[in-house]
Amino acid sequence: MSTETPETHEFNKGRSRALEKSDLFAHAEDPVNKGMTVQEKLKCFTDMVRIRKFEQAALQSYQKGKMGGFLHLYIGQEATAVGTVSVLGENDHIITAYRDHGHALAVGMGMNECMAELYGKFTGCSKGKGGSMHYFAPEKRFWGGHGIVAGQTPLGAGLAYALKYKGIKGCAICYLGDGAINQGVFHESLNLVSLWDIPVIYVIENNGYSMGTSQVRSSAFPEEGLAARATSYNIDFDTVHGENLYEVRAKTSKAVQRAYEQSRPTVLEIFTYRYYGHSIADANHQRYRTKEEIRHYQENKDPINVWEQILIEEGHLNVDKVKEIDQAAKAEAKEAVQFAEESPFPPPQQLLADVYHSVDNPGTHTNEGEIFFNDRLPY
Amino acid sequence: MSTETPETHEFNKGRSRALEKSDLFAHAEDPVNKGMTVQEKLKCFTDMVRIRKFEQAALQSYQKGKMGGFLHLYIGQEATAVGTVSVLGENDHIITAYRDHGHALAVGMGMNECMAELYGKFTGCSKGKGGSMHYFAPEKRFWGGHGIVAGQTPLGAGLAYALKYKGIKGCAICYLGDGAINQGVFHESLNLVSLWDIPVIYVIENNGYSMGTSQVRSSAFPEEGLAARATSYNIDFDTVHGENLYEVRAKTSKAVQRAYEQSRPTVLEIFTYRYYGHSIADANHQRYRTKEEIRHYQENKDPINVWEQILIEEGHLNVDKVKEIDQAAKAEAKEAVQFAEESPFPPPQQLLADVYHSVDNPGTHTNEGEIFFNDRLPY
Amino acid sequence: MAVITYRQALKDALAEEITRDENVFVMGEEVAQYNGAYKVTEGLWKKFGDKRLVDAPISEAGFIGLGIGASFLGLRPVIEMMFFSFVYVAWDQAVNNTSSIRYMSGGLINCPLVIRGPANGGTNVGATHSHTPENMVANVPGLKVVVPATPADAKGLLKSAIRDNDPVFVMESTLLYGNEGEVPEDDEFLIPLGKADVKREGSDITIIAHGGCVLAALKAAEKLKKEHNVDCEVVDLRSIRPLDKATILKSVKKTNRALLVEENKPFCGVGAQISHIIQREAFDYLDAPVHRISAVDAPAIYSPPVEKVQVPNAEQVFNEVRHMLQIKA
Amino acid sequence: MAVITYRQALKDALAEEITRDENVFVMGEEVAQYNGAYKVTEGLWKKFGDKRLVDAPISEAGFIGLGIGASFLGLRPVIEMMFFSFVYVAWDQAVNNTSSIRYMSGGLINCPLVIRGPANGGTNVGATHSHTPENMVANVPGLKVVVPATPADAKGLLKSAIRDNDPVFVMESTLLYGNEGEVPEDDEFLIPLGKADVKREGSDITIIAHGGCVLAALKAAEKLKKEHNVDCEVVDLRSIRPLDKATILKSVKKTNRALLVEENKPFCGVGAQISHIIQREAFDYLDAPVHRISAVDAPAIYSPPVEKVQVPNAEQVFNEVRHMLQIKA
């Protein structure tokens, strides 16, 4: 394997378009990009950096044994969450899978509540009940954080369905992985959203692997790529170089317009890459892909680097400013760690809270009788 | 609705190709048809007539209250089962859904065991335990008769998988309806069989409706038709005029060759029509489709009539011979009814037989303990 | 009070709730234009139109999941399963997604979803179509399950279920749809989830049942009274989760004997749980072990006369009570 | 006898059965090239190749269904669920198709399929990933379920499961994979399905458990002996269906008290069924009601220290036995 170049690696043979380097400014003139203020551009940069620093801090804490369960890092994919979310309006919603830290920070969740959630603390965004895979911020129109592969795909359709039902001009973006496209429920969802003109956008974050299985080992797909499965349902699709925030924004924006104006769904395939393993437990991720491959992406297609380059060329950023943003993000993450460390765990009584609305809000429903069946509580 | 012609009816708008009348002899010269003996041709005719007479008799018995549950008639679709099965070899297998009488008779199951099964009799093919939806004849390589929509689709893949695993040159045909294509498990199956080169043929028997829902109300699909969803998985597909046995055979045979020679799957969409309701319980099937539409199919696209016409033109059949075959089939069905009537029901003790192999074959497994948990048996 | 069918009671519940709350809609296979496979929604599409009655393709996981997502934004989907057995193709959506979301979000998200449809055997539709999964659903904390036996209960429970902010499974029975009974005409007629109904008072033995088995129990009770002067108390659970433990225990403490009747398959059926509760909390009141009648422990058989034997009936209840009270035939 | 891990015992079972019978193959996500998410199949792909170790896409319903079809033609697929919770996306295939086929065909078709993988909580993976559905599976006639607690049981039961002609669910635990124990090296070492194992003899109380809870029970038993001179009998069910009723009843008739311990959620959990059986068939032997310890009745919580409280542990068993025997702290 070590003699393979990224170009000859089986993985890339199946997705060559992902390898071409995108033209930095190809989409700069797209209305959605042309209209961006400097502040907005810098915010995108800052958000991507913040995601990365947050996760680097989380990784450290994980390695110190501060958390349990899984930790799926988004590092390498930042432009997808930040770029797509950055074009959304106030009536648009998102939902994603378990690799959700990037989306959470992109919609504006705070590092504190996110870090505390990883620590299983009561101050976490889900009170320590959800963990890494289950971030939620309904008030920011972010509906999670879902652990069952593709389980969120009909839910995304439902969010958009509700908008249409209520006559609200808006859309929902539902993210899923390249491995997730092979769950039946995703296909059922595609048929439903096309049949019923539901304004949903499915974003396939194609990072080339589902755990240790490369895209070509898990999916049969047409030449045009995974997203082209959309044609089975008369749904428009597009493919996107995920390292280029301009391109992500331009193509997402087009899909959003389609949703707003025609109430039609779109499938977008965004080529991207994760630098770490599937989760931290995936220690041997250099067995199913080469170091060269990883390095290739880091060196040529890192979304933060690419955007930095663009903003430097545009004169909005310089080395000092980058360092400043970096350090601020690092400091913010460090504070979040401290916040998480110092926060309390949920008391055991919390085990039985948030199970039922009717229990947590007595008197609001016609409910009687026993709802929990513990012979004896252990606390 | 009554002023609509079949051509303008919503249902047909979505599937216009089904409306064109097929050229009777377009596929007569296909090798698989050219090589047919007169005997084989007549057998196909006879089998189609037998299916129809069997079901007409079954319908009568059903209406007399002789059976319970469902009765999904195949009448109108006979050329699909007979045509596809007629090109199969001794290492080929089939599996289908609940509308299974046609397939059962086509593979050579006897009317007696089939009719007795409808009556819930112990002499039925499934000892009266399965009923109309659950005919099986493993020794004829017929694996049912499955009630959960599309539930049989991965099973069909598995049959073909086993052939490949064992190094046997063969294939499996798995039938499903036009409504069934929207179950997720069918898509999962398509991906698997393409990815793994499994010699399976999915035959979509497109009779235009899933219960009361027309094809266009249940499926979003590309211009090329439902079968074109196969392209999402790099699977070859074809569409077939289901009233023409020559065409059914020719196109099935091509798929079988693909399975034998390339171990590749195929999706075939066969345009067909059911004259009765979804099941006998579907008494109002003339509400969701017009009488004209039904008449149009009966008059122009009846598979038995079309084949009769062909065989008459070829000089293999005449009016007398048709009458003879008809009457023989009717007599056979009548005898089957009598056989069913006279057969015993399974004794209640049969309730606990055929649940577990280990119970029915004591001593063949390392099993101990209790396996049934009736506090008291009612018999 | 009007005398209407169980089917009509359900339909009235749907119509009233659709009228009352613009967020309520019904989705499922054949529920709209076809008027419902079992005609529970007959006439509703004509009355309320495409938005409130939605015909869905055969994609249970897809449209249940869609209902879940829609419920996050305040819609109140009522999803019909043509047969409840079909929920198995959507099991992850129906039980895993629905039950976990409120918890995993620390209470931020609600899932006010109703999944309803017939869950019963006895109609010769075979093994794959005859499941009664109330025990499996009730096993999952976060979910609620009700199983109405009468027209009034069907209406009152379905209305409460639709107004509930938690996911509720309403399990009906094709064998009950045609039954008639008195139903209050009040639009606000609600039966609390978790409240059992003592359908017949008695002092000799407590028969606990739900769904169609309640009727078998009542019939047996009449016969036992008539033939043996035995007074059975018949407790209709109505709701499986929440469960009216108090009513169960009160009755058993009075009669000192309990017989559980259900159509569930026995292993880990609802009766098992109730049996455990009774022996655990009324141990000293029991004069005899708790007995159970369930469906005969095999997949549902097709053969019509044999399926009759498989599913509990009044005769079996009658006989079991005689066993328990040691009454000779 | 060699001392090996539970994981190694499973792997040995797979390797031996793959070697013995050319129809045995393993299919699942990441089972081949990746060596298994939990390394149960480590090294097997290298040894047996693509045909016998098959990496599948994330399509549980698809590949379980494929396994079912393949089993009709005599193959013996062993399907790995990366987590058992994922079987919910394939529930119809896994429980409906598997359990019905033999019956509906009047015994013509067998389905020799094994579905195995970890089914446990306690690892902070949250509500959707921590299900222990042995009760649901065992509810379905036609299916078998085993839950090994030790390396030897894991090996012996998995081998029997693979050789069985009925569908068998083998539910393991990620928390047990690393545990070591003595395992016979014999290739023909088979443990019958349906045979419980008295893991500790005692006369004061019977503790009945399965899976990881067996270890908690044994630990508690030692402490009870040491601190209170109480002799607990610990019955490891090993197999849920078939169930070794005889061993359960024999033990309870000896000790007159039973405590059930399981990680299932309580409502209609396995304990409920066993409680019913005990009170039904050993009523007169019971000095006290049957008690149960289950997981706290809520979706699995993430927070690591709180999940420790949610899942039964030795401390809880210890305390409950003291309650039952009225031993003051």
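Letters A, B, C and D mark the chains as written, and numbering starts fresh at 1 in each.
Just so we're on the same page, a residue touches a chain if its C-beta (ideal position, glycine included) is under 8 Å from a C-beta of that chain, and two chains touch if they have at least 3 such contacts.
Bear in mind the structure is a predicted one, so any value in this text is a computation, not a measurement.
Asks: Relative to chain D, which chain has the most distant C-alpha mean position?
Replies: Comparing chain centres, B lies farthest from chain D.
Asks: So using the touch definition from the top, which pair is joined by more C-beta contacts, B-D or B-C?
Replies: Taking the two pairs in turn, the one with more contacts turns out to be B-D.
Asks: Quick one: chain B and chain D, Cα centre-to-centre, how many Å?
Replies: Computed from C-alpha means, the inter-chain centre distance equals 40 Å.
Asks: Calculate how many whole Å lie between the centre of chain A and the centre of chain D, each centre taken as the average of the chain's C-alpha atoms.
Replies: 35
Asks: Return the distance between the CA-based centres of chain A and chain B, expressed in whole Å.
Replies: Centres of chain A and chain B (C-alpha means) sit 45 Å apart.
Asks: Give me the residues of chain B that touch two or more other chains.
Replies: Correct list: 126, 128-130, 134, 146, 148, 151, 182-185, 188, 191, 195, 217-219, 355, 372-373, 375.
Asks: Residues of chain C that contact two or more other chains, please.
Replies: 57, 59, 61-62, 85, 88-89, 92, 96-97, 103-104, 126-128, 141-142, 241, 265-267, 273, 280, 291-292, 297-299, 301-302
Asks: Once bound in the complex, which stretches of chain B touch chain D?
Replies: 93, 95, 124-130, 134, 136-138, 143-146, 148, 151, 153-163, 165-166, 172, 184-185, 188-189, 191-192, 195, 353-358, 360-361, 364-373, 375
Asks: Quick check: in the complex, which residue numbers of chain A touch chain D?
Replies: Where chain A meets chain D, its residues are 67-70, 117, 120-122, 126, 128-131, 133-134, 146-151, 179-180, 182-185, 210-213, 217-219, 287-288, 345-346, 348, 350-352, 355, 372-379.
Asks: In the complex formed with chain B, which residues of chain C make contact?
Replies: Interface residues on chain C, with respect to chain B: 29-30, 33-34, 37, 55, 57-59, 61-62, 85-86, 88-89, 123-129, 265-267, 291-294, 296-299, 301-307, 309-310, 312, 315-316, 319-320, 323.
Asks: Which chain D residues qualify as touching chain C in the complex?
Replies: 61, 85, 88-89, 91-92, 95-97, 99-100, 103-104, 126-128, 131, 135-136, 138-142, 241, 264-273, 275-276, 279-281, 283, 286, 288-292, 297-299, 301-302
Asks: Under the touch definition given earlier, write down the residues of chain C that touch chain A in their complex.
Replies: Result: residues 25, 51, 56-57, 59, 61-75, 92-93, 96-97, 101-110, 112, 141-142, 144, 160, 163-166, 190-196, 239, 241-246, 273, 277, 280 of chain C touch chain A.
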